[in-house]
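All chains are identified by letter, namely A, B, C, D and E, in their written order; residue positions are counted from 1 within each chain.
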Amino acid sequence: MELTMLYYLIPSLFMFCCGVYGFVTRKNMIAILISLELMLNAVDINFVVFNRYLFPGNMEGMFFTLFAIAIAAAETALAIAIIINIFRVASDIDVREINKMKF
Amino acid sequence: MFDNILIYFVVIPVLMLAGVALCKNVKQIRAVAVVGSLALTALSVYLLLDYLHLRHVGATAQMLYTGSWAWFTPLNINLSVGVDGISIAMILLSSIILLTGSFASWTIAQPKEFFLWLILLSTGVFGFFISIDLFTMFMFYEVALIPMYLLIGVWGSGNKNYSAMKLTLMLMGGSAFLMLGLIGIYYHSAPEGQPLTWNLLEIARNGAISENWQLFLFPMTFVGFGVLGAMFPFHTWSPDGHASAPTAVSMLHAGVLMKLGGYGCFRVAIYLMPYAANELAWIFLILTGISVVYGAFSACVQTDLKYINAYSSVSHCGLVLFAILMLNTTAMSGAIMQMLSHGLMTALFFALIGMIYGRTHTRDIRQMGGLMQIMPYLAVCYVIAGMASLGLPGLSGFVAEMTIFVGSFQQGMTDYLAGAGSLRLVFTIIACCSIVITAVYILRVVGKLLLGPVYDDHHRELTDATWWERLSTATLIICVAAIGCFPNFFINLIKFTFSPEIFSVLNFTQHSGIASVLGMN
Amino acid sequence: MDVTLPIIILALPLFMFLFLGLLGKYMSHRLAGILGTAGMGITLICAYTVAFTYFFSGNPDFINAEGERLQQIVFNVTWLQFTPSLVLRLGFLIDPISSMMLVVITTISFMVHLYSNGYMRDHHGVWEKGFQRFYAFLSLFSFSMLGLVVATNIFQMYIFWELVGASSYLLIGFYYTKPSAVSASKKAFIVTRFADLGFLIGILILSFYAGTFDFTHLTSVAVEGLNHVYQVSEGTAQNILSIFANNPASTFMGASVLTWALVLIFMGGMGKSAMMPLHIWLPDAMEGPTPVSALIHAATMVVAGVYLVARLFPLYLMETAALDIIVVVGALTAFYAAMVACVQVDIKRVLAFSTISQIAFMMVSLGVARPEFHHGLGYMASMFHLFTHAMFKALLFLCAGALIHAIGSNDYTAMHGLRKYMPITHVTFLIGCLAIAGIIPFAGFFSKDEILTACFGHSIFWYIWMSCVAGLTAFYMFRLYFLIFWWKEHKVHDPHHAPHDQPWTMTLPLVILAVVSCFAGFVPFGNLVTWNGHPMFESVSFLTNLENLDWSVAAISLTVAVVAILIAMKMYKTENELPAKMRNALPALWDWCYHRFYWDELYMFITHRIIFGLVCKPIAWFDRHIIDGTMDSFATLTNKASWSIRGLQSGNVQTYVWIYLIGVILLGSITAICLI
Amino acid sequence: MDYSQFLAMKQEIGLLIVFLLVFLYDTFMPKKALNATAGFTCVVFAIYTLVSFCCLSACETVSAFSGMYTTGPVMSTIKNILNVGVLIVLIQATQWANSEFQIMRRGEFYELLLLTLFGMYLMISARHFLLFVIGLESASLPLAAMVAFDKQHYESHEAAIKYILTAVFSSAVFMMGLSFVYGLTGSLYFTDIYAGIGAEHSVMLIMALAFVISGIGFKLSLVPFHLWTADVYQGAPTSVTSYLSVISKGAAAFAFLVILVQAFGLAYSQVWEWMLYALIILTITVGNLFAIRQRNMKRFLAFSSVSQAGYIMLGVIAFNTTGLASMMYYILVYIFSNLAAFGVIGAIENATGKVNMDDYNGLYKTNPKLSFAMMLAMFSLAGIPPFAGFFSKFFIFTGAIQQGSTAIYVLVLIALINTIISLYYYLLVVKAMFINTENECVIPTFRSSCSERLGLWITVAGILLLGIVSFFYNSILSMTSSGGIMIDL
Amino acid sequence: MESVGSIIMYVIIALAIVIFSILAVTTRKILRAATYLLFTLFATAAIYFQLDYEFLGAVQIAVYAGGIVVLFVFSILLTSHPGDNSEKLASKSKKMGLVGAAVMFIAAAWSLFSRCEMLMTSRPEMSNPDMQRVGEALMGTAHYQYLLPFEAVSVLLLACIIGGVVIARKR
């Protein structure tokens, strides 16, 4: 058996879909953030795998992942700050309750 | 730029706008409006005479006073102006109606805003008529449309919000098609390799729009302008809009704005796309033919004075487009005459209706009667307007309609004899029937409204026209009679444009009565 | 001919109209009346001068060496140029019939102007409201009518045709506060308008084929055997003939295009001349002031139809099918109107129906005229009858006006036995009756006799038919005469206000017209007015007409007339039961006649139920609900769509991303599927 | 390692200097001087705008960091256009920033704003997807903080969380697409991608393209990626909303064009063209349909801006220099029109706290000048001559039609028909102000602050002049067409 | 041909990713979700290691596992009500989630499999990117060197810090 690229892409894809599922189903906003982390992580894996298998000569994928991790960290921090703020205001972080503005 | 006389037709209204904006009280506003519109009228009369003089001394260019100033150079958009007899006729019409409209709105509430919008509207109108650049033309066209919304919405009556919105949206809907058509024309305005142009004359000279494209662009432009020309089935803004509009706005709208539609139809759609005009005329002939009788029949059973007149406008303006589609010199000249005639007479009508409404506070003919005894001046004017509308010789309606009928019939018979179908002939005869129906609804109104015993005793205390109202109506009546009595003057003014050399569509159907083939004269 | 007089003839009435119409209310009634009458008087003088110059000056412009009368265009101004060949000109054409009409119109018009000075005020001398306006309208009418008769081309005729219609409208509706007058005027206008539609289309067809509107071109046709026709080259005439004869598409629904054109033009004539079925406006038009009825609805405007056919007569000759139609329409109308006239109560209505009947006589006469028979005797007879009828019918109407003025009612039931109170009126009315009944030597005798002769020459059937109508004419006129002046003694309620004869302004026209009615029959029309200008008689004297009578026809018609008068005398001279018996004997007929064969009801049904109810209202409904509804529904649909998709924006961020995801995948996959 | 390459990024450096100045001022100045932070920022930024326009703009295409960063006349121009917009936003925001509740965070507001603008600069100039992503993120993440600025309002927080969650989701999808692109081409340089995809027509690339488009479509709020727009616009402070609606949209639109042209290019245009057809039709229509129901002015303008984005995209799909110029011009005009509207809304909100359309009933009676400005803005947005919006709309249609296919005619027709719907709702605002009178508590007459008036005057002047004075469009168009082919952007 | 060890390693990693991903998004307890996320991130790091990107793996563990997850745990503690740490999922949103995830999976799989031959590539030889190379790439301006993004991301982080400060600050 050879570990072709497919073998790495499938788990990553799966992770991404789990992230989608989590985003759409979870009520807790932090859980949603967790799902988003999964998605971003899946993308990172993709980049790395493509880089490793197809274009071992450069490090594009790797560096993209590197920066993506940084961005993800920043984004998480910001999101968590906002969530905590909301918790202060509404004392609830159920995303389904956050729908005062609609239609 | 300012040595071209035409530019002043835009400059004066803009100055008027500034003037009105600076005015402190109603008297100053009136003064600005009257002086400005008088200046415009004088200018247009001068233009008319000078034009005739130039033609007399042998000017043969299609458009005179042409001028072109670069605007959006990369797209070849210029501010190009130029007029021929038709434009001059329209400019004259517009200035007269603006003048009389100013008088008719002598005592309007919030005069400052009202006149601002009204003058903005007329800026658009004048600009449209002097332009020969499609872009500029379209821009002025839209400038003329939008003030209607506020004029009706703020100063209107009845179901004004609905009407104003409907009118604006429907007209803008038309201009949506129009815009597409115009841009399409632009991209086919010149043969491969030559610079594209928006200039009407150059496009016509190039004749580069391929037949297939004509078939696509012609309906776009024709419908676009046709909406404003109240073509069936896009006419429904007209009854509601006119019914709700204040007097001067109805006057300008029915008198001038609806003419923009007809003018555009022949100046852009037919002039630039002769092939498609010839091919597709039948569709629009049917629609406009329907408009003619349909509007007249509808007018027969209306009870609101303005609705009657609005439907009558549908009928008359339908006749304009109908005649244009005959694609022959006589009928097209008739169409222009009809525009002039309808513009003046319908303005007169709306002025009178506004004056009557201002006194009786109703427009329902069932609740009025015997006004001849109470306000004889207005009543007599109304009768005269009615007579003009039903085509009494000596007034403008007759000459216009007869020219149209003669021209249409000629074309119809030619078609028929050439084996090109009897559509034109049949619809000409149907359109002729409208003169009877017109008589029916006009006399019905005259009989119910003006004659007979006084319906409402409260009306007995009402007064007759004031001096400014008299001035306004008398001016219009004089103009109506002038056209009616000296039609050849106007026909000669118009006719120059409708020669096959200029209007290439006439080549497609070049004809004359068989008699002239045989050498009869 | 000098253009001054013709221009005055047209311009003066127009000027008087504008002058009186615009400034009338600032001047006194009397002044307005005087000005109006004086203006008309001047016109009368001019018209007479022109007519007499034409007929009797012997100027080679008007008459050639062989004594044939020529057409002469005095002036012709381009008014509106439709196409290079179709030009609408306003001009002044003199020829026998227009000269004759000038005389008729100005005479009657002047009489009416004069008469109205007395008529249009009440017994206390108070002027009618709108007196100045009345004169203005009369002037307008005179202008239009004069313009009509001198028209050089068919479109000019149409213009003035419309104008006389409008002035008729204004005059019928003169008492505009009266609803009946308003509706009568409206009816008159619309019915004639409808007829004019036919006229217009006829003109369009004719002008398309002929390439001209001008009468001189249209009617200069050479008919075999007659060489001198208005001095037009034979080639041109052949041209027209060939156009109509050889055109490949010249038939339409079984009739030639020319027939269609002529019939449609005749339709216009039917409207103006109140031929059945377009006659319904004329009886109602009696709502107007009586002088107006005399002028417009008896003498001048209503004969415009006849004049029109006469004007285009050479064209009609080319298509005798159209003439046959004219005969049928005319004969039916004549009979119908005579029947109805026998039972009417309102004296003006009797006269109105009588007018219809008499105009129908003229029509029939034109219809039966053929060059083969006595050089187109029917044409001459028709014009002759037009002339005499104008005189005596105006006389009768003016008499009726006098009666109405005196009594204050239109019904003979309020009159009876007036002979003692109004002797002048009595005598003049009797003269009028004798004239219309066709008693020798009054005017009507000669003209009617010629008509019957012409009929006789054409077809025995129509001859008998028209003779019967002539008998009926004598009957109903004398019925009227006896019922007004005899029947029983007049009851006078108040001796101070007994009916009496009228002021001189009214009497003078009556007397003049009565005298004319007595002698008009001796005018040698055959030498003045013939269809081709060719004189009928070798020499002319006062008794020419008498000498050239066809005595067999004359004797029969005289007998019929006398018998009819005797029957009328028997029935109506004194109060008796006979009329009631007659009525009971034929109740259905009487009823139908009395209700004018229910034509008005039929029209009401068609206009109100069919046109208004089944056309206009549905169209208006369709417009508001279907067309407008569609336009509105665009807006409604947009709004509905807006509401229906608002769920997308649920406010829940999870839905947002879900839609985002599905959206992006759909976008990608649909593109992928489409492209791969 | 030629670090002098940083000097190619003149405008970015200038912007960072402005940022540093503001940052230092805000951090180190005494408390009293802090009241002038707003004014200081405006002045500094104005100077920068001017300098940027005069000196910093690139006269010719300059590429740095081996093609990762490019600037040129067109890029400089769009940045200058954005600068102008930001300047107006800054001026308009002064009143709000100095309000009681915002004093604490005033400096940070300006700092964040400048940093997001920096992100947009990067988006515009990036020719490498990594740089682009960083630009995209720095243009959107700090915005979340700005959206959350109105701490006393719950809506502000709600908007912020909705914004950041969808933004991150969108960037995840975007990066997923990028990973596919990378997998197919092996590089993230636009030029390499352009060369790499060649005639590639696999599902993978199409899907990747869809993901990429969705990521930028999110910033541009194209339907169906627009759902955050309305909520965020409504919840965010008005100044932030106006910034979001014009500046970030303008930058994204331009970046979109750059990506499509440079990375996916002509060879692939038939694919993305069809996607864009669908997106444009959906965007314009759905945006309009939502807008007609709205009563909250900010939410209303949110949907209006959704549909405006559709029109901007017409310039992208035109795929020619006229289209590019028209798009830039459209953005410029749109900045002025929309900022005029937001200026009025902000002024009224600051004075009375009212943002509903019904509250505007009878506004003309009490505040004629404001309602006049608002009317001009509405007419300009609706594309009514002689205001600038007409010209921009006309030119963008002209540009689109220049492409010449039948489909584009249909698309433009649909867009034109949609202008009728948009006219309807813009007129609703005009109607509320001028025609409606039935209002119990009319907004009283008030005098708006100097900064607000200044902002409004600038925008109104722009609305009136940008169209009639042909200089602006002419110079943009001549500049874009002088570059020759689109690929040189 | 891979060594058996790496295959076993792969299987473990893949299973861990799949299982912990599922658990992370389905567990009701939010703290557990964070924990599962941590495991997933570790598994990801393991993939990086397996694919010879040691530096990246290290960063992954340091930043993600060490930083972000801790952040999550703190925030969870800050925002959870005592005794309210489980959530129920509405079946409707479950369905939506399933559909969304499935559609995503299908679409992505479809697109991946459209380039089958690419998926089947075996791992080529590659010299480990040593720190030298990484550092040069990070500081270089040439092709495939990332100085500019590095600077840009610092600006981004600065912006996020300021944003975080603004949000976190009371009032």
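Here, a contact is a pair of C-beta atoms (placed from the backbone, for glycine too) under 8 Å apart; a residue touches a chain by one contact, two chains touch by 3 or more.
Keep in mind the model is a prediction, meaning the values are calculated, not measured.
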In the touch network of chains, how many steps separate subunit A from subunit B on the shortest route? 2
Label-sorted list of chains bordering both subunit A and subunit E is C, D
Measuring centre to centre, with centres taken as mean CA positions, what chain is farthest from subunit A? C
Which chain's centre, taken as the mean of its Cα atoms, is farthest from the centre of subunit B? E
Give me the ID of the chain with the smallest distance between its Cα centroid and the all-protein Cα centroid. B
More contacts between chains, C-E or C-D: C-D
Centroid from C-alpha atoms only, then distance subunit A to subunit D, rounded to Å. What do you get? 27
So how far apart, in whole Å, are subunit B and subunit D when each is placed at the average of its C-alpha atoms? 43
Averaging over Cα atoms per chain, report the distance between subunit B and subunit C in Å. 37
Between subunit A and subunit C, what's the gap in Å when you average each chain's C-alpha atoms? 97
Tell me, which residues of subunit E touch at least two other chains? 93, 96, 100, 104, 107-108, 110-112, 118, 146, 149, 153, 156, 160, 163-164, 167
Show the residues in subunit D shared as contacts by 2 or more other chains, in ascending order. 130, 134, 137, 141, 144-145, 148, 151, 160-162, 165, 169, 176, 180, 183, 202-203, 206-207, 230-231, 293, 424
If you look at subunit C, which of its residues touch at least two other chains? 635, 646, 649, 651, 653-655, 657-658, 661-662, 665, 668-669, 672
Pairwise touch list, complete, is A-C, A-D, A-E, B-C, B-D, C-D, C-E, D-E
Within their complex, subunit C touches subunit E through residues 654-655, 658, 661-662, 665, 668-669, 672
Using the touch definition from the top, list the residues of subunit D that touch subunit E in their complex. 1-3, 5, 16, 64-69, 101, 104-105, 108-109, 111-112, 115-116, 118-119, 122, 128, 130-131, 134-135, 137-138, 141-142, 144-146, 148-149, 151, 160, 176, 180, 183-184, 189, 202-204, 206-208
For the complex, which residues does subunit B have touching subunit D? 71-75, 77, 135, 138-140, 142-143, 146, 149-150, 153-154, 160-161, 164-165, 168-169, 172-173, 176-177, 179-180, 183-184, 186-187, 216
Show which residues of subunit A lie in contact with subunit E when the two form their complex. 1-28, 30-31, 33-35, 37-38, 41, 44-45, 48-49, 52-54, 56, 58-60, 62-63, 65-67, 69-78, 80-85, 87, 91, 93-94
Which positions of subunit B touch subunit C when the two form their complex? 166, 169-170, 232-237, 240, 294, 297-298, 300-302, 329-330, 370, 372-373, 387, 390-394, 398-399, 402-403, 405-407, 409-410, 413, 416-417, 429, 432-433, 435-436, 439-440, 443-444, 447, 450-453, 487-488, 491-492, 495, 512-516, 518-521
